[in-house]
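As written, the chains take the letters A, B, C and D, and residue 1 is the first residue of each chain.
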Amino acid sequence: MKKLINDPKAVVDETVQGFGRAHPDLVTVHSGPLFVTRAVGPARGRVALVSGGGSGHEPLHAGFVGLGMLDAAVPGAVFTSPTPDQIVAATHAVDGGAGVIHIVKNYTGDVLNFETAGELCEAEGIEVRTVLVNDDVAVEDSLYTAGRRGVAGTVLVEKIVGAAAERGDSIDAVEKLGRKVVENVRSMGLALTPCTVPHAGKPSFELAEDEIEIGIGIHGEPGRRRVGLEPADALTEHLVTPVLDDLGVTAGDRVLLFVNGMGGTPLSELYIVFGRAAELVAQRGATVDRSLVGNYVTSLEMQGCSVTVLRLDDELVELWDAPVATPALRWGV
Amino acid sequence: MTDLDAAWADRWLRECARVLAVHREELIDLDRAIGDGDHGENMDRGFQAVVDKLDDGPSESVAAALKVAAMMLMSKVGGAAGPLYGTAFLRASAAVGERESLDGPAVEAMLAAARDGIVARGKADPGDKTMVDAWSPAVVAAGRAADGEAAFAAAATAAEEGALATKPLVARKGRASYLGERSAGHLDPGAVSTSYILRAAVTAAVSEISAGGRP
Amino acid sequence: MKKLINDPKAVVDETVQGFGRAHPDLVTVHSGPLFVTRAVGPARGRVALVSGGGSGHEPLHAGFVGLGMLDAAVPGAVFTSPTPDQIVAATHAVDGGAGVIHIVKNYTGDVLNFETAGELCEAEGIEVRTVLVNDDVAVEDSLYTAGRRGVAGTVLVEKIVGAAAERGDSIDAVEKLGRKVVENVRSMGLALTPCTVPHAGKPSFELAEDEIEIGIGIHGEPGRRRVGLEPADALTEHLVTPVLDDLGVTAGDRVLLFVNGMGGTPLSELYIVFGRAAELVAQRGATVDRSLVGNYVTSLEMQGCSVTVLRLDDELVELWDAPVATPALRWGV
Amino acid sequence: MTDLDAAWADRWLRECARVLAVHREELIDLDRAIGDGDHGENMDRGFQAVVDKLDDGPSESVAAALKVAAMMLMSKVGGAAGPLYGTAFLRASAAVGERESLDGPAVEAMLAAARDGIVARGKADPGDKTMVDAWSPAVVAAGRAADGEAAFAAAATAAEEGALATKPLVARKGRASYLGERSAGHLDPGAVSTSYILRAAVTAAVSEISAGGRP
């Protein structure tokens, strides 16, 4: 295992401390328990947004703390959801009296820990609502699973919901908007290589030099099936077609197209995938109105990508375009 | 025959820590196969934190020891296993109540409470390829024994068999469920860690020498 | 070779086309010959900035085209400098009558092709000045080499010089500022893994599981020496110490600290390196006043990083903070 | 003995394209060892573009053929080799001037002009481990021959020996110079491609059948 780390047990702590040192103008790192908030104080008078999950997906979530997006992020151990005490502390720190929304990716661990934290916060008089993100169409049979996973679509949810919270929407309105974004966003990913969790020291799965894993999540878990090494155009279709089908994209639709890198893929390859994905969207008569390309929801050094499509309307476009100032996403300010 | 009292409870938790440290890599590998490879790390970290807490001084009662375990697991494990085991130990602590030591029926009641807590949180049915598949047969087996030690011995053996029986199953809960058919052919890591935890209770009863933390 | 590409010969074209499709609000892609300009027209009345070089370093350079930074970028084949005709066409397209600055990384190929292009432009009456970036302290003996290479410091030069051009400084002033930035910036990099150029199909060098290549450039070329696998803190020192020594950083200095990923390194590891690098700067009594962390000047999917230090003064801070709106770097607007 | 005329010049350039396509991987590997692994790709792409241009119709003169090569190499190769070979062919074209065919002294003058162009652009001295180490002995050797074909034959052999002699050298120019001492022990890719280009001139003179582009 070759990594730019010191002690595998200290990876999360050292990452978050370095992150805090790099962005003191935007964020503050709290320890014991560990969480990250905006550098400015709590969200006085407006709804606050807290998200979190296992580490190893950087810049998610801490990289999205800042004006117009999250108020706090709670990093767990690598690929392990954070614990209720961290989530409670973060929720307390940012609550400005108008309630707090927890944005949770749909994994049993995240759901259970946020659920426990939410109960504790409610008991202390903080109004907490949960927006559950489950955009991964690779999980087909949600009757027989823990339901669809939350993957790269989470960034879009955090950005759009964050803009609504920032402009002062009520907790009911923000929660409702969150569900609307979730209903309109779908993703699917593939891996060219596995990743290695520092404390495991071994790759998360084995993949031959000519195999691609289709339908992966973001925790280095194996996908649903393997295909041979195909050109980028064909691989892109494996992702885009199920996404567009599931979302029911038809002629006249406007979408945000997001090609996300898994951490170890060069940006150049993501643009090749984007080009093909945009063509496939156009073939359905839909328009790519907004786009995002980059490594935003990663699996350590995994090579691969995911494609996310969000169906837009005027409201979502306005909120997407609203100013945002976080370490990983910034415009308008 | 040893009393399953407060001192035993402390020994049990320390033995859990020792055994889970020993099996850390095995549990990581099981979880790599059908999950995300952290279960061994999570359990090791969690029970090491339990031991650190126990080092403050001996527990006053069985219930107190189990509550310490619940709180530490809840705040140090994370993932699915943290809230599930945390809830299990919290319910177990409540079920034990004021009892100074545990006889057979008390062990059965305690294990049943733990299992119910896990099911209440995780909503898994037997056969879903989760830790429930170790806890459920354990509760049934414990009900057939008279004294506490024998109840734990029967429970541990049943849990071990339950864990082995998860191998052919297709997972329907937790991370492994995303693999669909590909989850068959592997043991469920949480069921295996459950069997270690129950076996540790027997070891702690048989040997009065506290095992300590990490080997 | 496992890559998200189609035809290895079409990688650059498809990347740039996908890039153009993803950012139509910011950039325009021109073909035959290939170059990228801002979506708005030429730099009327102010100095224009053109940069370029081999591809495979994305987002460099095209990702930095936009308000407050480059006017045009000229991508060559992978790791191969662009040709004079591309550079001439890009220079023509953006010239607004106040002259054009070519920002060139110091490699024989880039220097020769930009030199030839510059002569052709001058012959056609466009005033062209060149700012040569040579920040790589890994190249020690510049008497016996082609001189120091231009590496990650290039981003800082492009940002700061771009801000000056944007506010309307004269070509003399912009050129002088460029030299000042170059004089005050130093970098050094290391690799954990090599990269594979698509047309070569084989890794650029071999590295054992426990070896680190120190003093690499950004073209997958081997470095100056190898060391064993050491903790991130020790590896960071191998980079930071020569950089600070060469730049002569002393107590009271203010610096911009930039930790750059080589493309395949997770952001989390870059933050660990940043944390240690910031400590080493502080140990000299200097202050990290500004920072940048991310994959900005890459070598395809190489794992590794470089550390860049720029000595700041009030002028440079003001220009660094000035608004920028490019696909890869954006703030203030 | 063949006339080194316009038809020969076209055959030479086509033979360059053929030979460089054949040796594409070898030149990539040489450049991977001490550079960035693109030299074979660059030369192959460049001369393929030359051939594409020549397909428009036969060149009117030796100088015209060489000028086509210069322009295409300059605009299709990039890297260090593009401007260097581009300048070499441009100067060679100028040195040939109005001549309909080349005798020994004309070949020497042409090669000297090419070499001088490379040195003017790249400022490398002999022994710096660059293509100059193939061009310089080639010019000297060409000066000793009477007719054009013999001059090229001598030049090609001298270039081959010059290329081999770059192996022990430590590079002082171009990308390989960044390796310092580690550049010793490898052939310089540009010196090797130079020897292929000069040998191609001989092949084109010996065989009047045009070799075509890519094999």
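In this text, a residue touches a chain if its C-beta (ideal position, glycine included) is under 8 Å from a C-beta of that chain, and two chains touch if they have at least 3 such contacts.
Every value quoted in this text rests on a predicted model; they were computed, and no experiment measured them.
Asker: Count how many hops through touching chains it takes, at the least, to reach chain D starting from chain A.
Answerer: Tracing touching chains, the least step count from chain A to chain D comes to 2.
Asker: Farthest chain from chain A, going by the mean of C-alpha atoms per chain?
Answerer: Most distant chain from chain A: D.
Asker: Using mean C-alpha positions as chain centres, tell me how far chain A is from chain B in Å, no decimals.
Answerer: Chain centroid spacing, chain A to chain B, equals 32 Å.
Asker: Cα centroid separation between chain B and chain C, in whole Å?
Answerer: About 54 Å, centre to centre.
Asker: Approximately how many whole Å separate the CA-defined centres of chain B and chain D?
Answerer: The answer is 75 Å.
Asker: Counting only residues that touch at least two other chains, what does the list for chain D look like?
Answerer: none
Asker: Out of chain C, which residues touch more than one other chain, so two or more?
Answerer: none
Asker: Once you've mapped the touching chain pairs, tell me: line, ring, star, complete or other?
Answerer: Looks like a simple chain-to-chain line, open at both ends.
Asker: Every touching chain pair, please?
Answerer: All chain pairs meeting the touch criterion are A-B, A-C, C-D.
Asker: Residues of chain A touching chain C in their complex?
Answerer: Touching chain C: residues 2-7, 11, 14-19, 21-23, 55-56, 58-59, 63, 192-193, 209-210, 229, 231-233, 235, 259, 263-276, 278, 288, 291, 293, 295, 298, 300-301, 303-305, 325, 330-333 of chain A.
Asker: Quick one: in the complex, what on chain D touches chain C?
Answerer: 28-29, 32, 35-38, 41-42, 45, 74-84, 86, 121-122, 170, 172-175, 177-180, 182
Asker: Which residues of chain C touch chain D in the complex?
Answerer: Against chain D, chain C makes touches at 33, 54, 76-85, 107-109, 112-113, 115-116, 138-141, 144-146, 149, 197, 199-200, 202, 204-205, 217, 219-222, 224.
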